[in-house]
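Chain nomenclature is as follows: A, B, C and D, assigned in order of appearance, with residue numbering initiated at 1 for each chain independently.
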Amino acid sequence: MGTALLHTDQTIISYTIAAVALPLAASIINFCLPVKSKAAGWISTLAILVGCVLSAIVFARVWNQQPLHTQKLWFTIGNTKVFAGILLNNLSALLLLLVSLIALPVHIYSTAYMKHDDRYSRYFTYLSFFCFSMLALVVADSMVLFYAFWELVGFSSYLLIGFWFTKDKAVQANKKAFIMNRIGDIGLLSAIIIIFAQFHTFDIDALFGQHGLVKFMGPDNGQWAFAPDRMPSNYGSVWTRGAMTTLPAIWQYIACAGIFLAVAAKSAQFPLHTWLPDAMEGPTSVSALIHAATMVAAGVFLLGRVYPLFTDTELTVLAVIGCFTAFMAATIALTQNDLKRVLAYSTISQLGYMILAMGVGAYGSSLFHLATHAFFKCLLFLVAGVVIHEMQHIKEENNLDIDPQNIQYMGGLRKKLPLTFIVAIVGSLALIGIPLTSGYLSKDGILIQAFEWSEGRSAWLKLIPAGALFTSWLTAFYVSRLIVKIFFGEFRLLKHHPDIKLHISDGGWQYRVPLILLAVCSLFPLFSLNPFFYEKAWLFESLKPAEFMARENIYHTIIPIGVNILSVFVMYAAYAIYVKRNTFSFPQTGFFYRLSYNQWYLDKIYKKVIVKPILGLGKTCFWFDRNIINGLIHSIERLSRAVADLTAWCDKYIVDGFLHSMAALVQSIGNFARKFQNGKVQYYLYSMLLIVLVLFILKILI
Amino acid sequence: MITLTDFLLVGALLFCTGMYMIVSKRNSIQVLIGIELMLNAAILNLVAFGKYDKLNNGGQVFALFAIVLAAATTAVALAIVLNVYRRYKTIDPDEIKNLRD
Amino acid sequence: MNLLTLLIFIPVLFALVIVLLPSSVRGSFKYITLLATLLQLGISIAIYLNFKTGAATAGINHEDQFQFVQKLPWIALNLGSMGKMQIDYFVGIDGISVTLLVMSALVMVVATLASWEIKSNLKGFFLLFLLLDMAVMGVFCALDFFLFYLFYELMLLPLYFLIGMWGGVRREYAAIKFFLYTLFGSVFMLLVMVGLYLSVSDPATGSHTFNIIQMMNPANYAQGSVFSAAAHQTILGMPARTVGFVVLFIAFAIKVPVVPLHTWLPDAHVEAPTPVSIILAGVLLKIGGYGIIRICLGIFPEIASSGAFWLGLIGVVSILYGACNALAQRDLKRMIAYSSVSHMGFVLLGIASQTAEGVSGAVMQMVSHGFLSSMLFFLVGVVYNRVHDRDIYHFRGLGTQMPQYTAFVMVAFFASLGLPGFSAFVAEAFTLAGTFKSPTVNGLLPYWMAVCGSVGILLGAAYFLWTLQRMFFGKVSLKGGEVWKIALTDVSIREKLALIPMAVAALALGLMPSLVFGKINDSVLALIQFLQAK
Amino acid sequence: MTLVRLLFYTMSFIAIGSALYAALSKNLVRSIFIFFVTLFALAGLYVIALADFVAVTQVVIYVGGILVLILFAFMLSGRETLNVIEQHKGKFINMAKVPAVILAALFLAVIVNIILKADADKLPWVKQAIAQKNEITPTSSTIDNIGVNLMTTYLLPFEAISVLLLMALVGAAHLSRKEGRA
């Protein structure tokens, strides 16, 4: 903007740019390195380490301060100037730090995890590129830039999911992920275009900032117009009614729907969530960074950015969808046997919580949960990575034909992998939301606010907090099941193959350090000194909405206690079922089991209802093109050919025919005359008679 | 009363029929029949006019001569036909083209 | 020496050299052609750099605002009572032409590099190639309708022979189809051109003129002439100006091409040899879009406005229909051909919106598609050259077999499907933005067109990704077995030389759209103003 | 209509019809036999024309002599003539005959025209003969008168014809003898 920035601000901006650009530089350098170069990992890690430090400085400077905003003219199109710049407020600073902070352990972990891969440097090229896109996404100040990085994030995720591109499943998964994300992108693009048509600017700060335009506009009388009720009383009458062109109100809804589509695609919400479980075909470290901690949170981040756009009704829809997604994903996670799939569905479920929180107005809690979830989910994925890595090791060493990700083969690993076991327990407890973990703080905040929100609303909407509550117990169950199956009991693989060798361990420091780091971050002290009251968390306090109710009502006490006591029971039940086997076992043929195991059949339905018809449409179009349009052309061609034939015929038989018939006449006269000299008696006679006749006639006539 | 014209018209018709046969037929015998027809037409005329010559009976007498001559010519013609057939193995006048230049 | 004239006629000079050289040195022809195209590229870049921006040099309907103008009397006959016949050699450029010129010059260089694969009758090929080159440049520069038409027709002939003689299996069919289609359009264009000539008189000399810019001024139309806006003449019961617009539009729409006049394109592209495919997709299609902007919109602005809905509709249909068709293809080249139909639909949609964003987006899309489609066709040519097969199902796992090639394919595919950072994204996004703005700004297009257009982007992702997955990923499995495996070597230096400029250009335009927007902006604004004033 | 007139029409119809049939028939045998009918009908016409002797002669010479001769000739030429018949079967209108038809029709037209123009009943000598009662009436007998006239008025022609007949006889015999023995 025109206002000169302070010197310190200038420094902060350049720090931000450096933090964003360093991974890009690393990515470009790695791209130029030979594919097997081992230096790649350290280049990327160094870039992200420096980026992390810079982000921390930026965060410290920006947090709870005036937002920083700077921009430069990018290009002009018509009369519209499109700017590119950086917007740093609480939200973006938080995400900036969070992403770098999560990316750092993942990078370290990856250097060991991908050590034996043939395309080691490519991996880090992609990973750094992802970091660049993600960091740029969070600091971008223009909707166009935002969209650009939004899609680049999806693109790098595409590259990383399909990193082992010779695996057919991986390739299918990355195609699916990209196309589903594209659906969301279309929604976002439409929303951006609609907002641009309404407000004539792409600037996020001008649109959604403190004095943003969007706040003062709302659906009114069928027009998307200036809404007086949204206008703060102390704000000047800069925007007067009718000063801007307005669109019909329906476009406000469509814009919101578009943004919701984008959120649903990126954050894997129903109905666009099916790509995320498939995306687990990528390397596990990638799943940890992209598909658990950062990229999938971008949807929530987008909601946070454009929050003022949504009206109350639209927020309710969001809450419903979030709740439903959380519940559905949790039920599916109950029965999956693939280690990473369980975690993927739990991610979807937790993202559902965040959307739900956005929907019920728990803006702060949502982002708080986003931050805590990023740490413990990343941790869980890295744990899964270690387990899978060791299982793979067993598989290769003993030449077994097993799926290293199947939890049915595992068990009793706590003795072999003690460190992994401990951090896994920390992560799981955080995921369940047991006190003393960060998950407790953020999740209970969501639940409490959801209940508060449903006060005074219709009875149906009370289902939302109830569903969320129920889902949290489901979460407790499936997480316990997972942990129990992996770490407790006996190693089930030994039953089938008693003579296998087990040379497994927690791995080197590249494995241990990230796990410990993340485990520490998953505990309460990072966020709050008070392990029981979420509203005391510094992160929440800075982001909480203005009209936040302090511990006034009963929910604040009753819910955490109720949830946690029941959760503990559920955990014990899981332990009892899967380790002791002294209680009932689940029927594996029931409808609910199959529904859950087959992921609610959504993939199949999509395939039948959407993919097939679209391919069919393509075929039909092509048929139409070949036969109708081309056929039309060909029939015109045939017609003209027929005309040509006709004229050719005319030429041959009419025009030429005239000449030929003249010739034929002459010839026939000749032939005729010749006949009289052909030696036949009758012709002589004939001619004689003819002459006589002619004489007669002449005589009569004359 | 039957007038002279009636006879003449019948004769004319017969004459033309005969002429048609002579010109068109591809069989010598049919040609011969045509000739006979023409002759008969002529005889009919002679007879018809002969009605008005009671004294000399010119018409009828010449009719008789004509009949006799027709018999004679027929005999000769048939003899020729037979000879032609013997030589050419056909009696189609079209096939006999030795008169051609 | 005028730079534009030089630009247009350099190929002819080199063609003369080739004619004079004996066939024994046929190996050098391609280098001569390359030299010619490189020289052209240099000149076009010089033009681009010296091109002045600003409202005073906007061009469009002000003759004095055009740059690099050269105007020479060419055919001036005194026809006595019929007046004077005035045909000028009149070339000049404004913002809309200049970017297309640079793009065409670059595409020509790449097409020349792709011509290395041509093995038979080299002399003929390069002669025709250079002739085509001249005609293409001429079309973008000509400001005299007669000259324009001359170049326009001159393009057809070399193309016909290039497809018909060096093409694939069904080349004759494709060549004739292409020829008839375009001839059909241009024959009627000739009639309208003559009608315009008889209607318009040059205010300076008073004689009839073919000057396109004079045709844009309603005051230059003679009283009661056929195309005079005031006279309301009719042809076959329809207003004459509407007929004129529709005829010109059809002529250019065939070139673009739009559904349902597109069926020549898949055949021509598939059968044409790679360099010709590149020129067809990269340059020829743009002439359609350029013609619509310069001539249809310029000469018949009020009809363009009243018919904008239909233009937009055709654009949307092309986008969706082309994309759907591309989904169903299994011939790689044909799929790309249909994707061209889809992408060129955006051009029409943007033009129809008549907003600054839309028209700029359309021009950007033309430039961007010029680079990207050339790249795509070149890439198809690479694999076709090696194994003479293009069936998507016959390949698998090329990513392992030809990693660098796959990298280029991915760049081209993702750029085409509108990945941000590449030019197509900016073009398509702003075309849609312009379309969406249109109802509030000038009320020409309904809102839903923009939404439908964006679905085309989604379908684009579907077919490109499917192809990537099917052909390039997975385990290596080729129809031709070991023979193909040996034949499918990675891209050579020459191929890289051709591909990298394209990729760089697409990337540069995506990162710095002002490279294009900066040059065209004034002209586009002038055009919009002209259209609104009508 | 008198009986005579009726007879005349009947006879002339039979004569013309059978003649046409003989002319149009492609079958030689039928053609020959229908020709008998024509000759008989003509004989009848002669009777109506009051020439009973001529009628008898007609029957005797033609039917008894000429036709028998024709039949002989037909039989001698045998199969060959029948083959010709086969070839032309099935074609109702033969284009080759068209000129002949035209010729005949034109001739007919000309002759009828002449007959009608001439108006034979009003010819001077006919009128004169009627006036002088020089007209054969149905009651009068002509045979003796013919005999007298033959031997008196027409003796010279009679002799000439008898010589001619002889020549024809000799000629015919000469022609029809076997070539090889000559």
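FYI, a residue touches a chain if its C-beta (ideal position, glycine included) is under 8 Å from a C-beta of that chain, and two chains touch if they have at least 3 such contacts.
Just so you know, these numbers come straight off a predicted model, no measurement behind them.
The most central chain, judged by C-alpha centres against the centre of all protein C-alpha atoms, is C. Ranked by separation of Cα centres from chain B, the top chain is A. For this pair, chain B with chain C, the centres built from the Cα atoms lie 95 Å apart.
Chain geometry summary: the mean Cα position of chain A and that of chain B are 116 Å apart. Separating the centre of chain A from that of chain C, both taken as means of CA atoms, is a distance of 35 Å.
Centre-to-centre spacing of chain B and chain D amounts to 6 Å, using the average Cα coordinate of each chain. Among the residues of chain B, those in touch with two or more other chains are 19, 23-24. Within chain A, contacts with two or more other chains are made by residues 686, 689. Chain pairs that touch one another, listed by label: A-B, A-C, A-D, B-D. Contact residues of chain D toward chain B in the complex are 2, 4-5, 8, 12, 15-16, 19-20, 22-23, 28, 31-32, 35, 38-39, 42, 45-46, 48-51, 53-54, 57-58, 61-62, 65-66, 69-70, 72-74, 76-77, 80-81, 84, 88, 96-97, 99-101, 103-105, 107-108, 111-112, 115-116, 119-121, 125-126, 129-130, 133-136, 140, 142, 145-146, 149-150, 153-154, 157-158, 161, 164-165, 168-169, 171-173, 175-176, 179.
Partner chain A is touched in their complex by these residues of chain D: 99-100, 103, 106-107, 110, 113-114. Residues of chain B touching chain D in their complex: 1-10, 12-21, 23-27, 29-30, 32-34, 36-37, 40, 43-44, 47-57, 59-61, 63-65, 67-76, 78-83, 85-86, 89-92.
Chain contact summary for the complex, chain C toward chain A: residues 177, 180, 259-260, 262-263, 321, 324-329, 355-357, 359-361, 397, 399-400, 414, 419-421, 425, 429-430, 432-434, 436-437, 440-441, 447, 450-451, 454-455, 457-459, 461-462, 465-466, 468-469, 472-475, 512-514, 517-518, 521, 524-525, 528. For chain A in complex with chain B, the touching residues are 677-682, 684-686, 689.
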